[in-house]
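Chain lettering (A, B and C) follows the sequence in which the chains are written, and residue indices restart at 1 in each chain.
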Amino acid sequence: MKDILLEFKVNGQPKKVYVDPNDRLLDVLRDYLDIKSPKEGCGTGDCGLCTVTLDGKPVLSCLTFAFQARGKEVTTVEGLGNGKELSPMQQALRDAGAAQCGFCTPAMEIMVTDLLKRVDNPTDSQIKEQISGTLCRCTGYYPIVEAVKKIKEEER
Amino acid sequence: MSMEVEYLIEQLQKKAERGELLYIGESLNRVDDIEKILGKPIYTADILPKQTLYAKLVHSTIPHGYIRSINAANALNNSKVKAVLTYKDVPGINESSAVIPDRPLFADRKVRSTGDIVAAVLANDFRAATEASQDIKIEYDPLKPIFDPLEAMKEGAPLIHDAGNVAKHMKVYKGDVQKGFEASDIIVEGTYSTQFQDATPMEPELAYAVPKENGNILIVGSMQSPHITQSGVAKALNLPLSRVEVIQAVTGGAFGPKSDETPTDLGAIAAIGALKTGRPVFVNMTREDSMIMHTKRHPSITKLKTGATADGKLIASQAEMIMETGAYASLGVLVIVRAMFHANGAYEIPNVKNDGYLVYTNNTFAGSFRGFGAPQAFFASESQMDELAKKLNMDPLDLRLINMLRPGKRTSTNQLMDAACGLPECVEQVVAASNYRKKVKEYAEQKGNTRRGVGIAILHHGNALGPEGNDYVYVHLNVDRDGIVYLGTGLTEYGTGAISGLAQIASSIMGCKLDRFRIDRPNSLKHKESGPTVASRTTAIGGNGARDAAEKLRDRLNTVAAKLLDCMTSEVVIVDDIAYSSSAPQKRVGWNEIVDEAYRSGVSLNTIGYYMAPRCIWDEHTGLGSPYSQFTFGAAVADVEVDIDTGVYSVRSYYVAFDVGRAVNPRNVKGQLYGGTVQGLGYATMEELVHKDGRVLNPNLKDYYIPTSLDIPEEFVPIIVEKGGAIGPFGAKVVAEPPIVLPGPAVRNAILNATGWSVDSLPITAEKVWREGHK
Amino acid sequence: MTEVLMPNTLAEALSMISKDGHDVLILGSGSDVIPRIREREIVPKKVLDLSGLGSELNYIRIEGNVIRMGALVTVRQIIDNELFKGRLEAFLQAGRMFGGPQIRNMATVGGNLGAASSSEDLIPIFIALDAKVKMASIDGDRLVPVSKLVVAKRQIDRRPNEIIREIYFEMPDDSSWTAFFKAGRRNSLIIDLINMAMYLKLNIDGTKIEDIRIALNRVRGKTPERAYKTEEYLRGKRIENETIARAQEVLDSEVQLSSDFRASAEYRKSLDKVILARLINNCRDRIVEGRRTGN
């Protein structure tokens, strides 16, 4: 029963969709709005791959009902750059070989963006802490940490 | 000539002098990661066609028994449900096995594990399919289940399969092990056990099928080996291979299970559903489905006995390994072979007797997983080396230095090591980087509740398929009118960057820039079957296919360029997209001009490269011979800190050196050292898929712990050693699998060094450490 | 679930559940209940979403020596709040190990109290602080001591027409400290093997334990509780190795734990005992240090 009208902003664009009470924010993004960067890696809130920001804070879109996003602003990787060229943050990830299978990469980007918004020159342990709720099985995390440190060096 | 042009030519000449090695050994960005980083819709679940039905699989609720009846009436009453599939719906052969035909696609007569698929519910959406799946009533006549492989091996044990509960007995017998033990001054014995490990690719297995107007069936999915899926689907659907088009979507991690039987199951079920309903069908797998269904790393129990002289020379080694394969053999029959070939460690030992048994139980099945039998084998052998060193009152490093493989030494199977054996260099470099000797001294003085310790482990790793199959590959290269190079192969990319490495090899040879390359999506009808994408074989084997194709194109490009440059073909140099004549370097033509001219003059820039590795000769009865064409070598040192009161420990530093022959792309090689090690550290310290009464207790990421970013060592030093191997392109050896092998024994030995406690079972939980210390 | 109630004020919310409240599941962030709803572990008819009540239920304030937290305060807000950097360190220690960063942005104090499972790390701290929960209903507020809140696993003393509004407790004085520890099998996204929270107050000359409250996620069952006997033994004692060893024995006899695939009861108990000693010493050291540096 899609009888709840959800009005919210996604990547700066106002959206109106009718949703089912059981729909998660992840379902609305992926299935209704065709925003596919948030991934479902577990559906139980244990892998972090569905991370998006909700009113500026990274949250798990698989643990959020769609109706809870009413009146709020959601950002996904689709909203981070111009969608064609890599941003400096994304380029740093590429240069470090931080995307192997790539399935965790969008969630990592959300977490990294959030960190760099708050902390100027993050230390290794701050970076590790920030991505500690997002699982990666390919890289062992080291290239991701290396990439984040490079981003700040480049901006300095 | 301006300075600028002169400089450019000088640079080009420098590069050209390196010839085929133009981009080999450079950490170039891979060609296929931009879309991933931009978050583009490229994975299976991102690209579902419209009007797709969702399938939810229904698994057996009992571990062993006969199916009495399947009643889907209630589920079919649901208006959202379009079909329920069972074995009755399989048009062809209801079998989905890799080697031994022991596993039906849909359980028919009998179920043997809670991972068996009994039915699939197809509905308009996944929620409806999931809800309706609970309305399918299946009645069983239970049989006595067996969950202990030792029980299963006993005479009179209930049979899981008619042919018996031992699926394979693999032997390696060399010399006379009895005499060897008699001649030994010191003998150590131990039993080492390992657990079920789940590969946990971040994307679970997924596939959808689309019925095509021409009668073909199209399957798109997350998988390692599209041609295996193609033949499995063709068999299940009773279709000729030419009607089954399988495309590998961008795949979110794999690590083995996606080469085994599960992708075939999903492809076949989706295809059966699609043909039955006339609509696309997506087999969606939740994390739980994936962890229950796909192959895990085999648990093992290894009894190992080693004999040595008083001065530490190894004389005899005897291994008996019981590998539990769960309900089905899958690739286990080959896993046990690799395990036995490596069961005595990377040492020369004159007398060897290895017996490996692959044993059925009613747990969910084990099979392909990164390492393929080596992690279990080396955990036993490398743990025992430290026990022997302790008994000999010798440093574990010194014991290894005396016995390890070097050029001129022979493996357990009697294979001779040549100059490509870089193990001594690996050990030397890792010992230096880790300050091993100094730490051993320092840590010996410790008192108090917090203790540090260092542990070392070493390995050899037989490359590529070796005894596991014919090692051949095809690589397609096609340059289009715009000068873009399309690289296609039946081998797949699922994270490592190895396919981009093939492009790097081809671009080196062709002289065009790497960013001209695009990777075709592997397609079973478009690309030639190239064997499975397993055994870390993409670079070492596939690279030769890329090289062959690139050399063919290079010859044609040279001919065309010679015409344009008005020089001899042999004088043509093509480098960095520019061609010139070595006798008159001032005149240059660009890549696109050459390509244009080739098209105008009818020279085909479309070709297929081929390579087949030499056959490996070994004796099936004794296991002796040369089962592998080349070996990778590696050594690791772990530095741990243990809290004596609680057994809680952390791996503070990890140092690893691998002889990879030639690193085509060092950054990507390091990517494997990092990722493989951390997955190995998970195996060593925390990961364990637990079965109880045949049911998986923790098929989720809450209770199946894989390492987070806060669990990795603060310091990690990866070292690349390059002792070119016999068959890989430019000497390249495999690298993806070996790093997962060493953390188990290295961590175990470091804890021994810190505490004097021997934990002989994986994973080494804090509780196990604590138990050892509080016995 | 078929209906969602989305009030914009607490008064509106309370009137929505004034009659058929037993049909309604109260949703904080949802991070705990959403997977349970999807697994059909709970099948609520209706859900009342508190997202619209941020302005009323999201606050951390100190009034006199009483600290008050609204039900919608998130774990992240606790970590970021200066109030928790000293004597209330237990919150920091728990907060930093609570789920992962995304969960910390989501999980609320009210949700923690309402979920009442053994993995809700804040509850033992609130118990150690002797906190009180303010339940709001259309009939007015009702106070429930947090030690009496959890009546069974995942069951709390909340009437169908009530919403958790606030939790409050006294700020520990300068002779006191709080600490928290949990043990799991990795360093993030941890499933607790055991956890323990402690409030410890020294006497005026800093030689003896004047008061102590110890709360564990499991004592006799699968609900957080205080280790009363251990507390009783320790009260008035000097902190010496012998005393601690004896307290560990008391704790050992007081705690009844079960084994599961994550850890054995025996190991969990041994951890409890080690952690008891470490938390006592940690609290004592910090109090002494605080006195020396005048914090």
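The rule is simple: a residue touches a chain if its C-beta (ideal position, glycine included) is under 8 Å from a C-beta of that chain, and two chains touch if they have at least 3 such contacts.
Predicted model, so just to flag it, every value in this text is computed and none were measured.
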{"item": "Chain contact topology (line, ring, star, complete or other)", "value": "complete"}
{"item": "Pair of chains joined by more contacts [C-beta pairs], A-C or A-B", "value": "A-B"}
{"item": "Centre-to-centre distance between subunit C and subunit B (centres being mean Cα positions), rounded to whole Å", "value": "44"}
{"item": "Rounded Å distance, subunit A centre to subunit C centre (Cα mean)", "value": "30"}
{"item": "Residue list for subunit B, restricted to those that touch at least two other chains", "value": "701-702, 707-710"}
{"item": "In subunit C, residues with contacts to at least two other chains", "value": "100, 187-189"}
{"item": "Contacts with two or more other chains, residues of subunit A listed in rising order", "value": "22, 43-44, 46, 129, 132-134"}
{"item": "Subunit C to subunit A touching residues, read off their complex", "value": "1-4, 6, 27, 29-31, 34-35, 37-38, 47, 49, 51, 76, 99-103, 105-106, 187-189"}
{"item": "Complex contact set, residues of subunit C against subunit B", "value": "100, 183, 185-189, 191, 261-264, 267, 270-271, 274"}
{"item": "Subunit A contact footprint on subunit B (complex, rising order)", "value": "27, 29-30, 33-41, 43, 45-46, 127, 199-204, 250-255, 286-287, 494-497, 667-668, 670-671, 674-679, 700-702, 706-710, 712, 714, 716"}
{"item": "In the complex with subunit C, residue positions of subunit B that touch it", "value": "645-646, 648, 686, 690, 692, 697-698, 701-703, 705, 707-711, 765-767, 770-771, 774"}
{"item": "In the complex with subunit C, residue positions of subunit A that touch it", "value": "1, 4, 21-22, 24, 43-46, 48, 51, 57-60, 62-65, 67-68, 70, 111, 129-130, 132-134"}
